[in-house]
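Each of the two complexes below includes subunit A, the first together with subunit B, the second together with subunit C.
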Partner chain A sequence: MEGIIAQIFNGISLGSILLLIALGLAITFGLMNVINMAHGELIMIGAYTTYVVQTIFINYFPEGLFDWYFLFAIPAAFILAALIGLVMEVTVIRFLYGRPLDSLLATFGISLVLQQLARSIFGAPNVGVQSPELLSGAVEIFSMSFPISRIFILILVALCVGFMFYYFYKTGNGRRIRAVMQNRDMAASLGISTRKVDASTFAIGAGFAGVAGMALTLIGPIGPTLGTAYIIDAFMVVVVGGVGMLLGTVAGALGIGVFNTIFEYFTDASMGRVLIFVLIILFLQWKPNGLFSINTRKLD
Partner chain B sequence: MLQLKDVESGYDESMVLRDVSIKVKQNQVICILGRNGVGKSTLIKTIMGVLKVQGGTIAFEDKELTKASATIRSKAGIGYVPQGREIFTTLTVYENLLLGFESNPNKNKEIINKVYKYFPVLQEMKNRNGGDLSGGQQQQLAIGRALIAEPKLLLLDEPAEGIQPNIVEDIQNVILDLKNETKTSMVLVEQDLGFAKAVGDYFYVIDRGTVVFEGSELIDEKVEKHLSI
Partner chain C sequence: MSVKKSGQVLFMIMFTCLFIFIAGCSTNQEDSRAETPDDEVENTEVEDSGEEVEVEDDQIPVGILHSLSGTMAMSESSVRDAELLAIEEINEEGGVLGKELVPVIEDGASDWPTFAERASKLLQQDEVPVIFGGWTSASRKAMKPVVENNNGLLFYPVQYEGMESSPNIFYNGAAPNQQIIPAVDWLMENKGDDIFLLGSDYVFPRVANNAIRSQVEAKGGTIANEQYTPLGHTDYNTIISRIKEEDPDVIFNTLNGDSNVAFFKQLHDAGISSEDIPVMSVSVAEEEIQGIGADVIEGHYSSWNYYQSTETPENEEFVSSFKETYGEDRVIGDPIEAGYFMVHLWAKAVEKAGTTDVDAVKEAADGITYDAPGGTVEIDGENQHVAKTVRIGEVQSDGQFEEVWNSGEPVEPDPYLKEYDWAEGISEDLTDE
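Here is the complex of A and B:
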């Protein structure tokens, strides 16, 4: 029984990390159909931002305040990644909408540049971010222990998803974004500036990648190629969930997380990985559009 | 208030409109008539800015808009009810209506009630997705959405096409009401000659991408050969 609960927790925890790295991509790829190979590097930027914020806290703030660096790191990671995403959109991506191959190549180029940039600034070896005292250790419930950092990531993901749903479905900006993504010409004919919407939406997607990078610093060391490890998973989650569907991304991430953990439990890490790929391929045969697909009554 | 001079426009390779000159005055309803596929919708899209002008000029209220985007034209006061209705199917009816405010400097929600008065069904279904509506209801929503912007010039592309007769009547009454009670100018593409004659102040007949007749009276003998199928 305890084993099962622990496995479920591990599955959900893995799912929450997958969800976090896929959230931004659910916007840039899912909603805007941009194949952004530099998504992983935006995650990496978020991670290094956290590293920098921590370093500043260590050097300039009293020791007692150190634990709170991560509260500053979250918005800092979001803002910096969003700004770099904005620059990417304005200088490159905007010329490549509707041209998946071109944007794949261009963003792959950008990803290499960003990696090199990180290498030049921070050096090639990994750096470690020290987890705050608050988030280290574990809580004991019924003689089972749950790492606090994992619980924190779960809460962070829940907050991000909640914020995203609120932003997309309850605010004027969200309404404009959904209108533009559905019918660009009509949205423009109503006076919506599609250029502004494209740029800001891409920036928001990039910002969420930055937050994911912040969270990854709690799990392990970070390096210039941090993002490459996660890019495949991120695309996998969005495709399984259904391109364009935020809810699908949530379900896809948790599903993959849980199955991955189960498979690993019964086999080993690399075999579990193989099995999850097989499962996804079979699943996509059955539902090519993912878990959720846009399904409205067609007229005329 | 709107003036097209020798406008040429079309799609990627194929030019559809040639030498089209059209004038709309304040408070005026002009009707565009013509058979299927002669370029009526192409003309409307060119006025809205959805299609780029390839030649000639477009001016609106003495402002040169030839190169302006649809966003800018909408903010300048041009409203658009497209032929395909183009409702946002994944947004609710209410959200579709709210989008009408994007180009209206007056954000007073009171206008929505006016639209509900014209089309009560929109209020009943305000929380449903646009895609759940029937064709006729979507058409009402498309018109309602355009009215919320309080445009100075409203472009209506076959608003009665493929809709059950009682809703057609509602829509025609709204158009008549706009004509009589407001200062809105309109460019109306219409197949129903009877209604066109009832509401139009000036007429343009288009054939094969160019204006073949214009006048404030539709002279049957002159336009017949361009309208009969």
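Here is the complex of A and C:
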């Protein structure tokens, strides 16, 4: 019984990490249809931002405050990644809307540039981020222990998803974004500046990637090639969930997380990975549009 | 792009990534036994490759062939630094045979054919009597036929998987019996004999674990479980659940590269401390610890032949002159030390032979000793490996190791594990690789 509960927790936890890394992509790829291969590098930027914030805290703040650096790291990671995303959008991406293959190549190039940049600034070896005392260790519930960092990530993801739903479905900006993504010409003719909407949407997506990077410092390595480890998972989640559907992304991430953990538990890590891909391939045969899809009459 | 095409796009992307990943893996994988990245990478712009180096009569050119660009640059440029330091020291003391050593530096660019090509350039065009170089097993295997056909000499600095003995290569890193086997013995004596094997999923960890399994079973221990994760794997929750279920005495870790960071962080977060279940690693050195975070890995163990903290008078001198030359914040690990002493070993062999002629040097090399920072090393003329002291270190809170055990004397190299009865059969498996 304990084993089962622990595995369910592991599954949800893996799902929450997948969701976190896919959230930004759900916007840039899901809503905007940009095959953003530099998504992983935006995650990396978030991770390095956390490293820098931590270093600043170690050097300039009293020791007692160190544990709270992560509270500053979250907005810092969001803002920096969003700014870099904005620069990407303005200089490159905006010329490539509607040309997915070109955007794949261009963003892949950007990802290499960003990796090299990180290497030049921070050096090629991994850097260390010390987890705050508050988030390390585990809590015991009924003789089972749950790592606090995982619980923190679960909460962070829940907050991010909540914020995204609120932003996209309850605010004027969100409405404009959805209007532009659904019918660009119509939205433009009603006086919405599609350029501004495109740029700000991409920046928000990039910002969420940055937040994911911050969270990943708690559980994984921080190096220039950090992003490449997560990019496939991120695309996988968005596609399985249904491109363009935020709710689908949530369901897709949790589904993949739980199944992956179950498979891994009954076989091993390599085999689990194979099985999850087999499952996804079969699933996409059955539902090519992903878990949730918009019924559309649009011709393409 | 239509929604319906998204599936295709996914596979396209996966394919692209797979390709990149495989390219990356071939590096990781081949440097198998050799992952000890060491510090400060970006000072790689030393010399352009292909340059003619003018050598005068009172000078001897020596080749240095490491990856100064590409993924392996982060590890190999530090070894190059150590080799240059050794050459400088030798020159200060009057050189070899009264002649000054002139390094001819080439860039292997983390690309194995380039290693072969640059090696033949060094041997044929520059006519160097020796090449110091390589890191990954793949780069060594690429240079092997070149040095054999040209009757050159290669000094190789990194611990590796064993089962090789080229007449033209001197192996200065540890053979398995100078690292893994003593580590297993030590664990079984001091930490318990129920061992959980965890490794990255490729040739080296599988083969090494095969050997460890035979060794442990021959000594009456048990293997709690044997688990592999893909290279670059970052989620160790399920593995950790298994570890909790099996509750082994120790974990023997042959994970490679970044996975180590994820594994140790998550193990720590799961509340498993080094007191509960100690982990013995064979590819975590000072440099990796910086990336993992000393607070997370504190108290766990590694097995090497040298630590920056090794207490010998030679090491004190070596660490201070290395830091003086290359910067205070540099950390030094096992292969850097090997790169340093192997230049001295070659110089001594040349002095003994009285010539730089390859055959004469090889013959003179048998029994040459040098007081290296990690203790005295001695060349075994038969298999051309070196006898070196095995050291097991415990990670301290400052990211350095504290030695908890050493072999007391240099351990004779046994690359084919001939001296171990339980290794029968494994040798053949390994030789096939």
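Observations
Just so we're on the same page, the second predicted complex is superposed on the first by the 295 of 300 C-alpha atoms of A that agree within 3 Å, B and C clash if a C-alpha of one lies under 4 Å from a C-alpha of the other, contacts with A are read in each partner's own complex, and residues count from 1 in each chain.
Following the convention adopted for this analysis, a contact is a pair of C-beta atoms (placed from the backbone, for glycine too) under 8 Å apart; a residue touches a chain by one contact, two chains touch by 3 or more.
These figures come from a predicted structure and were not determined experimentally.
Once subunit A is used to superpose the two complexes, subunit B occupies space next to subunit C without a clash.
Contacts of A:N126 after superposition on the shared chain: subunit C is touched, whereas subunit B is not. In the superposition on chain A, no contact is made by A:T249 with either subunit B or subunit C.
Of the two partner chains, neither subunit B nor subunit C is touched by A:T50.
When both complexes are overlaid on chain A, the residue A:G191 reaches subunit B alone and has no touch with subunit C. Once chain A of one complex is fitted onto chain A of the other, the partner contacts of A:R178 are limited to subunit B, with no touch recorded for subunit C. Residue contacts after overlaying the shared chain place A:G223 against subunit C, while subunit B stays out of touching range. Aligning the two complexes via chain A yields an angle of 150° at the C-alpha centre of subunit A, spanning the centres of subunit B and subunit C, rounded to a multiple of 10.
Legend: residue contacts after superposition of the two complexes on their common chain; A:I148 is shown touching subunit C, with no touch to subunit B.
Contacts of A:S16 after superposition: neither subunit B nor subunit C is touched. With both complexes placed on chain A, subunit A has more residues touched by C than by the other of subunit B and subunit C. Between subunit B and subunit C, the minimal CA-CA distance in the chain A superposition rounds to 16 Å.
Counting contacts by the rule stated earlier, residues 294, 296, 300 of subunit A appear in both its interface with subunit B and its interface with subunit C. By the touch rule above, subunit A contacts subunit B in their complex via residues 172, 175-176, 178-179, 182-183, 185-194, 294, 296-297, 299-300. Residue ranges on subunit C touching subunit A, taken from their complex, read 1-7, 9-10, 12-14, 16-17, 20-21, 24, 37, 39-42, 71, 73-74, 201, 227-230, 232-235, 237-239, 241-242, 244-245, 258, 260-262, 265-266, 268-271, 287-288, 290-296.
Note for the complex: subunit A touches subunit C at residues 3, 6-7, 10, 13-14, 17, 33, 35, 37, 98, 100, 104, 108, 119-120, 123-131, 136-138, 145, 147-150, 218-223, 225, 228-232, 235-236, 239, 242-244, 261, 264-265, 268-270, 272-273, 284, 288-290, 293-294, 296, 298, 300. On subunit B, the positions that touch subunit A within their shared complex are 48-50, 69-71, 73-75, 80, 82, 84-86, 88-91, 95, 98-100, 102-104, 129, 131-132, 134-135, 138, 145, 149, 162.
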